[in-house]
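The structure under discussion appears below in the form of structure tokens.
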Amino acid sequence: MKFRTLCLVGACVPALAAAQSSVNLFGVVDIGLSRYSTQGGASVTKVISGGLQASRIGLRGTEDLGDGLRAGFWLEGDINADNGTGGTTNANNQATGTATAVPGGQGLTFGRRSTVSLAGNWGEVRLGRDYVPTFWNFAAFDPFMMFGVASASNLFFAGTSGPSISTVRNSNSIGYLYNSASPIGGNGWYGQVQYALGENSSNAANPDDGRYLGFRGGYSRAGWNVAVASSKTRMLANGDFRTSNAGVSWESRFATLMAQYTVSNSGIAGTKYQTYLLGATIPVGLGYIPVSLMKTERNNVAGASGRQFAVGYVHNLSKRTALYATYARMQNSNGAAFTVGGSAPVPGLPNATSSGVDFGVRHSF
Amino acid sequence: MKFRTLCLVGACVPALAAAQSSVNLFGVVDIGLSRYSTQGGASVTKVISGGLQASRIGLRGTEDLGDGLRAGFWLEGDINADNGTGGTTNANNQATGTATAVPGGQGLTFGRRSTVSLAGNWGEVRLGRDYVPTFWNFAAFDPFMMFGVASASNLFFAGTSGPSISTVRNSNSIGYLYNSASPIGGNGWYGQVQYALGENSSNAANPDDGRYLGFRGGYSRAGWNVAVASSKTRMLANGDFRTSNAGVSWESRFATLMAQYTVSNSGIAGTKYQTYLLGATIPVGLGYIPVSLMKTERNNVAGASGRQFAVGYVHNLSKRTALYATYARMQNSNGAAFTVGGSAPVPGLPNATSSGVDFGVRHSF
Amino acid sequence: MKFRTLCLVGACVPALAAAQSSVNLFGVVDIGLSRYSTQGGASVTKVISGGLQASRIGLRGTEDLGDGLRAGFWLEGDINADNGTGGTTNANNQATGTATAVPGGQGLTFGRRSTVSLAGNWGEVRLGRDYVPTFWNFAAFDPFMMFGVASASNLFFAGTSGPSISTVRNSNSIGYLYNSASPIGGNGWYGQVQYALGENSSNAANPDDGRYLGFRGGYSRAGWNVAVASSKTRMLANGDFRTSNAGVSWESRFATLMAQYTVSNSGIAGTKYQTYLLGATIPVGLGYIPVSLMKTERNNVAGASGRQFAVGYVHNLSKRTALYATYARMQNSNGAAFTVGGSAPVPGLPNATSSGVDFGVRHSF
């Protein structure tokens, strides 16, 4: 939904001035029915939010400043559309910067993105809360784009220091983006550098905690897309948190094939996770079939690993509205206890298999 | 306020395509001055929000998918417009799913309604947080529509397990509605069935708690409107919570007359509340006079009952803006301690009379 | 951004009816990089929100009711755009009416303003949460308009009972405004009277606590603007809180010069703060240079005082987008420990000098 700045009271006239601006009020409401279970453990049936895409609302706009310069803003927040609450954010990129949401009481924040930008042909400078560079590889090379029961986050994030601390977004960030219009994969070279602050006082115990530096570079052309990214977050108590990943995808007439490799230091000295993903998105009629195979290995327990298989179907009723069904199954060995379902609606058990299914409707506006 | 999806930057042109969509940003700001007192007890003077209609903001929209099929979303949240806070919601339809709002800190949630829908001539399937079927009878057959000092909730809800648990809305719901465009009373047959989940794990103490099933059916024609509704919520600790109600209204040239009967099991085994309501809405010039008489009887204390008389006047300055004044008086006997004012700004005392008055302005957009 | 009420689905036609309405969705995203330090104490580097103007979003609208009468509403809330959280409000104008925001969890409230109004040639009656009369003098006669490292609040508020209690805004208020379109300074006589309620029960320990009465009167013409204001808040535990201030400004071709005097009783009996401000706003090319000198004296410690010098530069890229830089330096004597930076990102130390700088971008929509 877009509308004009100049739609004034009593005079919704077409604008003649060149430097027009727009504000765009947008969002997604995605609600589904899910069932998750862990072999030998618990099971649960839920109405969920965000099985195909995170439910959200946002406001964004750009202003043409002339001479090729543009200003822009973006405010976007999570909604748990199954119950109406909002999602939290993190104020300092550290464990102390967030809190458990109060059940039924968490209000809307703009924790998905809250930025102001200046942009030109030379790229974009962006300030505020924004996605980290490594996240874009997680999402661009996962057929499920990090959403729902089959999200690659089941293995990318599980067991690490958690998604809220510099694995998806950073607050207090200063970023530079090149060809930022298409972070998932544009045409030609693209890239992002991000620096973020923990904002501790100089006399704090660990004044550098939460300080982040990351980058991403990629190239996209003729159906090919390849990108690498790497980052480091200061966490003196546990050792720094490092993530690096690389991905490649190739779009043909029959399918888009993709592969991704991620290695992350869990924030506890000597603990390393390596994750491999092979996936495909296969167009079928009005929809497509996403499918992925993943494997994570931990170096601190010999042979401990989780393996996920996932397949789904997305049926587009229109550009804005889709029905979807997704199945995911996770197997563990040598003591690993990963589960499907992202936020782990039922706990995993060592060496147990867990599985789940989502059925839902995604509507965007 | 409605605006077009196709109002693009620099080109607010009329749309030609048939399947157009809209997003509607709407709301109510209703603020008034109130005085409540309990005989022999306390009194208070307040600036209140929502004396005539709940203050709120919302976003809703529909999309024509062709072949008579429509998709839609609705996000709506409470505002306490006297101080700017939002209202809470309930995440699991149980006491554990909500929390006391932090004074001055409660942010905006979409707890009034948060749904995605698919609809056609066959009716509407709706997922998310929505009104329960029995609520529509509470509101449709109360001249004060459950708002302000005289709200029928003073007797419907008081002493039961509370309005936040399946008496007004449910989260995690799956509903089917027929002729849903007019839940208060359309033309012809209408109905609603709702199933909602408590979302407990299978190994929880009471895995079925919070599970809800309810329905409503009605018929409206030639000024007559009649409806019945019933529901059951699983609450193993206290016994299930059941509510059933029925109402009838008749609109004549001089007044709309209404009657309602509600019986609810309070969630404590053997405790039953029966409530009777007689009311009328009398058009006067640019406004109308709502008036109601109510009586509640508790079966667990012989003869304990509360009786409310309420009268008001609503003066419409326009379709969107109204001035209002409402007076309500509650009498108790045999130990009952009901009060006026919905959220009970001053506590009731056994057998005491309480009364209150609201004066305010309601502005909708 | 403004748009018409009559932009209906599929027909964004110009309106012909006289009594047209509008809803305006507006906001500011202002993010910058700041460094604050206290001599002999701590220092911190932060990405901040609101260095030039508070980041916010809001909705406002008016409705023409005919006969010169208008209805209006205004909902506006703070955003911490560096991390996406919202700001708190205060529900009862007392210390019990607010709470420390949960880090990363504070949702959006409409704590900046939440009002409904009726207005005509005779002025405006406004209900809800609104700015107090004395605040408008604070802001109108401060070249930094109470924002950022150099905000006059560094001395106006520090050491008093805090900005959330009736120094900036009141909830539960009933106000009358004359020439309210330009609270900073219109043309001719203007004024505001506000009464606000603490909303305590009659049997509370101090039932009058939080009750407020304040007024402001001014005259603006031919570049001159002069105003006085005064208020009293009931706080029986500590003695009532009183603030009075007066300001004058003169706009010439080369600069706008301003002076302000404020005296406030801190809420602790016998404690009085007097603050003097001299300031100027000097137009330079596309921007302007704000500069101010302030001094606060406390009567309870002989000679204890803070003195602030501040200077900045604001460069307008457009009407909506500006770059800014601000420097402020605070000196203390006789035990005073005031600091720059408004919310005191690093604590002050007795007799120590503190200083800070903000660099940022403000974008409004």
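Going by the order they are written in, the chains are A, B and C; count residues from 1 in each one.
The rule is simple: contacts are C-beta pairs under 8 Å (C-beta built on N, C-alpha and C of every residue); 3 or more make two chains touch, one makes a residue touch a chain.
As the structure is a prediction and not an experimental result, all values here were calculated from the model.
Both chain B and chain C are touched by A. Between chain A and chain C, the superposing rotation on Cα atoms measures out at 120°, rounded to the nearest 5.
Counting the residue numbers that touch the partner chain, chain A and chain B have less than half of them in common. Taking each chain's centre as the average of its CA atoms, chain A and chain B sit 37 Å apart.
Annotation for chain A: residues touching 2 or more other chains are 3-4, 7, 12-13, 21, 25, 86, 102, 106-109.
Of all residues in chain B, those touching chain A in their complex are 3-5, 7-13, 19, 21, 23, 25, 59, 61, 63, 65, 69, 71-73, 75, 77, 86, 88-92, 96-99, 101-102, 106-116, 118, 127-129, 164, 171-174, 196-197, 199-203. Across the complex, chain B meets chain C through its residues 1-4, 7, 12-15, 20-22, 25, 27, 29-33, 37, 41-47, 49, 57, 79-86, 102-109, 317-318, 320-321, 345-346, 360-363, 365.
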